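Each of the next two complexes has subunit A plus one other chain: subunit B in the first, subunit C in the second.
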Partner chain A sequence: MTADLASVALSDLIEVLIDGILFGLQLSLLATGLVLIFGLGGILNLAHGEFVIVTGVVSAVLISAGWNPALAILAAIIFTAFIAFGLDRSILRPVYKLEGEMEVLVGLFVTLGLAFTLEGVTSYLFPGLYFSVRVPVETVNILGLNFRASALVSGLISLLSLVFLLFFLGKTMIGKAIRAALQNQTGSKICGIDVDRMRSLVFFLGGLMAGLAALARGIASSVEPGSGLELTSYALIVGVVGGVRSVYGAMIAGILLGIVNALAGYLLGTYLTLVILLAIVITVILYRPSGLFAGGV
Partner chain B sequence: MTRLYIPKPALLFLAIFAVLPLIFTNPYQIRILTLIAVYTSLVYAANIIIGESRQLFLCMSALAGISAYTSSILSLSYGLNPWLTLPAGIVFSVAVGALLSYVSIARGLGEVFVAIVTLTFTLIFENVVLGLRWLTMGETGLVTPVLWWPFQEIVGRRAASYYTILLLAFLVSVLYANLVRSRIGIALRAIRSDKVSAEVVGIDATKYNVIAASIGSGILALTGSFYGYFNGMISPGIFSPSMDIVIILMLLLGGLRTMYGPMIGAIAIIMVLESTRGFGQLTLTFLGVMLVVLILTFREGISSIAERAFARVADSLKKDLV
Partner chain C sequence: MDLLRVEGLKAGYKGLNVLWDVGLAVKKNSIVSIIGSNGSGKTTLLNAIMGLIDVTEGNVIFKGMRINDLKPQERIGLGLSFVPSERELFPQMTVEDNLILGAYTPRARKHMKKSLKEIYDFFPVLGERSKQLAGTMSGGEQQMLAIGRALMSRPELLILDELSTGLAPAITVKIYRKLEGLSERMTVLLAEQNIHQAFMVSDYIYVLENGRIVASGKPDELSESTLIKSAYLGVKA
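Moving on to the complex of A and B:
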């Protein structure tokens, strides 16, 4: 009897853990975009969550206009990437001319303003709209454990996106150039890397990652206007814990926080979990300001 | 001991706003006037914390909210007169503000990290209020106990609350004017222009920054509580991050570290907000666009531009005379 109870608790725990990892992959994906842009652009993009919303809103609108869902989502993701790219090329131009702390501060306010602008527009034009992708199968049984199919697919998409990003940054020439620029802007300029172009590219990539994050979230739950700030704060939490300039750090931190989130949710209830996550951020900033996994890109 | 300095335009502000309810008598207009007074006071607090001591607090809404909730909840739970619980709320907020300031200085956080920590704190505050539903009524909001406003028997509750808050805004502006001229203000100016040199001559930067944060938090706390009692209801929606944005917008528009910027900023932005009220969620867009435009083009604010223009005119007049 007691052994039975223990095994039930254990399988519960494994399910919670895997749920946490799957959600963590989503968080990682959300944060990598933010971290990439901060690393090279020096801009702490507070509109990052709104990018996710934009992808969701555009997908939902295109799908309801009769587009093929896959095509609509693809178009929305690319559209979001171009918005991020356009942001770099337009209102952030004057920000780059500033120096050091001032650049980061002004960038912070500009993107905060942009976040409010996008939130206002999306929730005014599309109240009650939400983006959600249905997975045909409800639950999947693996080794006697039950998983929501949607969470698995969403985790898989997140994982594939992260692997793609790692491959791009690690193996391609442009990826290497971006990493060089992330590490040392002056040095890479001397080596003939066009840092300005790399930065635009990084914004594009960041937008792309936000778009993919919208897809992952849309599959696992839903994306709707008005939740942008919440998504930004998730990305910020993960980014800060991972070391705000480290893409790898963000990936590990995302998974870690996903597990913390699932465990806290399982043991303490949902409302306390966000408070715990936020408390972790403050603790990390105070004791390891460069993040838990700082160093490396 | 230096003499109390009462800036004349602050008196003018008080005089004009004291007379306005005689012209704009309907409740909606008086509400707008009250909001202007509330925000003027809040923006002076921001001017002290963000302007004078350069600590980028994005938790001003939370500091105001902590005090409002503390006072209301204590009064409701123990049946106390709200005037008795106001100080408790203020003490709580000041303690939190001072702690946030002290910890970020002690850990040597840059302005951006202070912003992240305090923004995170605001989100924690919001979630705690949402979560402690049995205490705070969560999202629906808490109906505040009834506060006795001075002279409400004579002029009525609405006018009495307005005049009390207006007087607070005036006193806060006087406090700001005197703070800038005081030992604290001079120390803060020295720290701002060169922290290392200031410390070399014996100015304790930590101490003065924490003092500035505490004074600012105190103003936020009292104003937040008054605002809650005036409003009759407090909710996480009122003390949300967008309140911080509104305050920062007013501060930037009026002019950072200026004497009259907070008044100008509060009046202008409240007018804009009220006239765009019909657009619902688009109000957020207006705020956002204004923030972007202001921060990119206009970082010194109306008040200092006006001052410079005035100085230029005065200069050319002088030249003409010579």
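Moving on to the complex of A and C:
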């Protein structure tokens, strides 16, 4: 559905804007994991979106097996974090021994292979399965404006997850050590920081964030096998626009691109949104290759 | 007893050997300098002692223990600390966070508050700028921060590489004065191109040329050496 710009009511625009911010928070959550992993591991994890699918599939399977939904989702998120941790400790280990472009390229193909494998396995084993969490209330009226309750709850979960991540990275010793390792690995080693351990931890955190993104997405809409690469594409776009090594950058870029996505969808049509986002990412690469908010880890 | 001993060390980068049969000893509570021209292998030697590059032959012994196979972070935990010539700070973090990370090891963490206060007393400018991002400080201030961060680990042996590089002479003198006071509390190993500063502060000096130790001795002995006079002090033999 598209809208003629002249006939757009302010209230509609505000609703679209809020929707965009809420979706943007999901994107931020997804992209921070990707950025953390790239910043420390030097690997652009093309299987990142599949982590979301893994959480969704495991949650759905456990719930259908009779588990308490909250417990099932929690277990699925933790399981995903350990899958990501295991990825760092297993098939990516030999990749880290490579240097420069070779590490980046081999890392790309290893994670692409993993993405296809996970997509194949989840689609084959669980055809038609999807993960969705229903919110009891349909809409919420705030100051005369109607919002989908599911979008608000989803946004709140994303926001709380991002606040937790910011607190962890900014205030705890281990979070500071992760930021230090993102900025300077030699400097970290001479402070006594085990950079390999930090990288594994970052994978765990990335998996955790992807798991939380699955929950947020499952509340707002649904998570189903086969959409992992699309989610990875969104995370990549946000990561590159924000600054591919900047966690704060990914957070801000996610919200901005969420707004752009919502406005473009409302004014021009949803089929054009990805094209517009890709145009933005190409423009950023051409004019500010380090990203709009590069600099703050 | 020697706090640090290096024996028959061979090390380098990617199959290219830089150090050949290097040996040295550092006594407790002394200041020992390694001098040599640019490219003589000083930084490689310090990197090898810290475990930042692989050693192909020989031993690095700290407090009587062979530490060749320990990772850099494990060596820091034992009581070594390093200020590299590139400083290797965390530019997008505050001065205080940089210092706090210097006390990352469990051994140092329990004294963190006390250490932080000591560093701010030692380098007051760091206290005044504790909330400033490290990357926005001047070269001299960054050098003080790098030393302060290394001191936060409460080291037994402080290793410093090219302290005077890129610094104004007045700042270098100021930092060296601070260092002299440190030897009462800890041992210092210094690699330095600025021969005059090294002679002023050191108890013992090693001369490294083309990856080999070619002379060693106390500053007053070495200053009489023909090699040192002609190669470093600009005195014709």
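Here is the rule we go by: the second predicted complex is superposed on the first by the 289 of 297 C-alpha atoms of A that agree within 3 Å, B and C clash if a C-alpha of one lies under 4 Å from a C-alpha of the other, contacts with A are read in each partner's own complex, and residues count from 1 in each chain.
The rule we apply is simple: a contact is a pair of C-beta atoms (placed from the backbone, for glycine too) under 8 Å apart; a residue touches a chain by one contact, two chains touch by 3 or more.
Everything numeric here is computed off the predicted structure, so don't read it as measured data.
Visitor: Let's test your reading of the overlay: on subunit A, do subunit B and subunit C clash or fit side by side?
Guide: Fit: subunit B and subunit C sit side by side once superposed on subunit A.
Visitor: Examine A:165 and indicate which partner it touches, taking first as subunit B and second as subunit C; both and neither are also allowed.
Guide: After superposing on A, A:165 lies clear of both subunit B and subunit C.
Visitor: With the two complexes superposed on chain A, say which partner A:113 touches: subunit B (first), subunit C (second), both, or neither.
Guide: first
Visitor: What is the contact status of A:173 with respect to subunit B (first) and subunit C (second): first, second, both, or neither?
Guide: second
Visitor: So, does A:152 touch the first partner subunit B, the second partner subunit C, both, or neither?
Guide: So A:152 meets neither subunit B nor subunit C here.
Visitor: So, A:193: does it touch subunit B (first), subunit C (second), both, or neither?
Guide: After superposition on chain A, A:193 lies in contact with subunit C alone.
Visitor: State whether subunit B or subunit C is in contact with more residues of subunit A in the superposed arrangement.
Guide: Looking at subunit A, the partner in contact with more of its residues is B.
Visitor: Check the residue A:183 against both partner chains and state whether it touches subunit B (first), subunit C (second), both, or neither.
Guide: Touch partner of A:183: subunit C, not subunit B.
Visitor: For A:22, decide between first (touching subunit B), second (touching subunit C), both and neither.
Guide: In the superposition, A:22 touches no partner, neither subunit B nor subunit C.
Visitor: At the Cα centre of subunit A, what angle separates the centres of subunit B and subunit C, to the nearest 10 degrees?
Guide: The three centres form an angle at subunit A of 90 degrees.
Visitor: Report, in whole Å, the shortest distance between any C-alpha atom of subunit B and any C-alpha atom of subunit C after the two complexes are superposed.
Guide: 19
Visitor: Would you tell me the residues on subunit A in contact with subunit B in one complex that are also in contact with subunit C in the other?
Guide: The answer is that subunit A has no such residue.
Visitor: For subunit B, which residues count as touching subunit A in their complex?
Guide: So the residues of subunit B in touch with subunit A come to 56, 103, 107-113, 115-117, 119-121, 123-124, 127-128, 130-131, 241-242, 245, 248, 279-292, 295-296, 299.
Visitor: Can you list the residues on subunit C that touch subunit A in the complex?
Guide: On the subunit C side, the touching residues are 50, 52, 71-73, 76-77, 81-82, 84, 86-93, 97, 100-102, 104-105, 108-109, 149-150, 153.
Visitor: Residues of subunit A touching subunit B in their complex?
Guide: 44, 91, 94-95, 101, 104-106, 108-110, 112-121, 123-124, 127, 229, 233, 236-237, 240, 271-272, 274-275, 278-279, 281-282, 285-287, 289
Visitor: Under the stated contact criterion, what part of subunit A meets subunit C in this complex?
Guide: 173, 176-177, 179-180, 183-184, 186-194, 295-297
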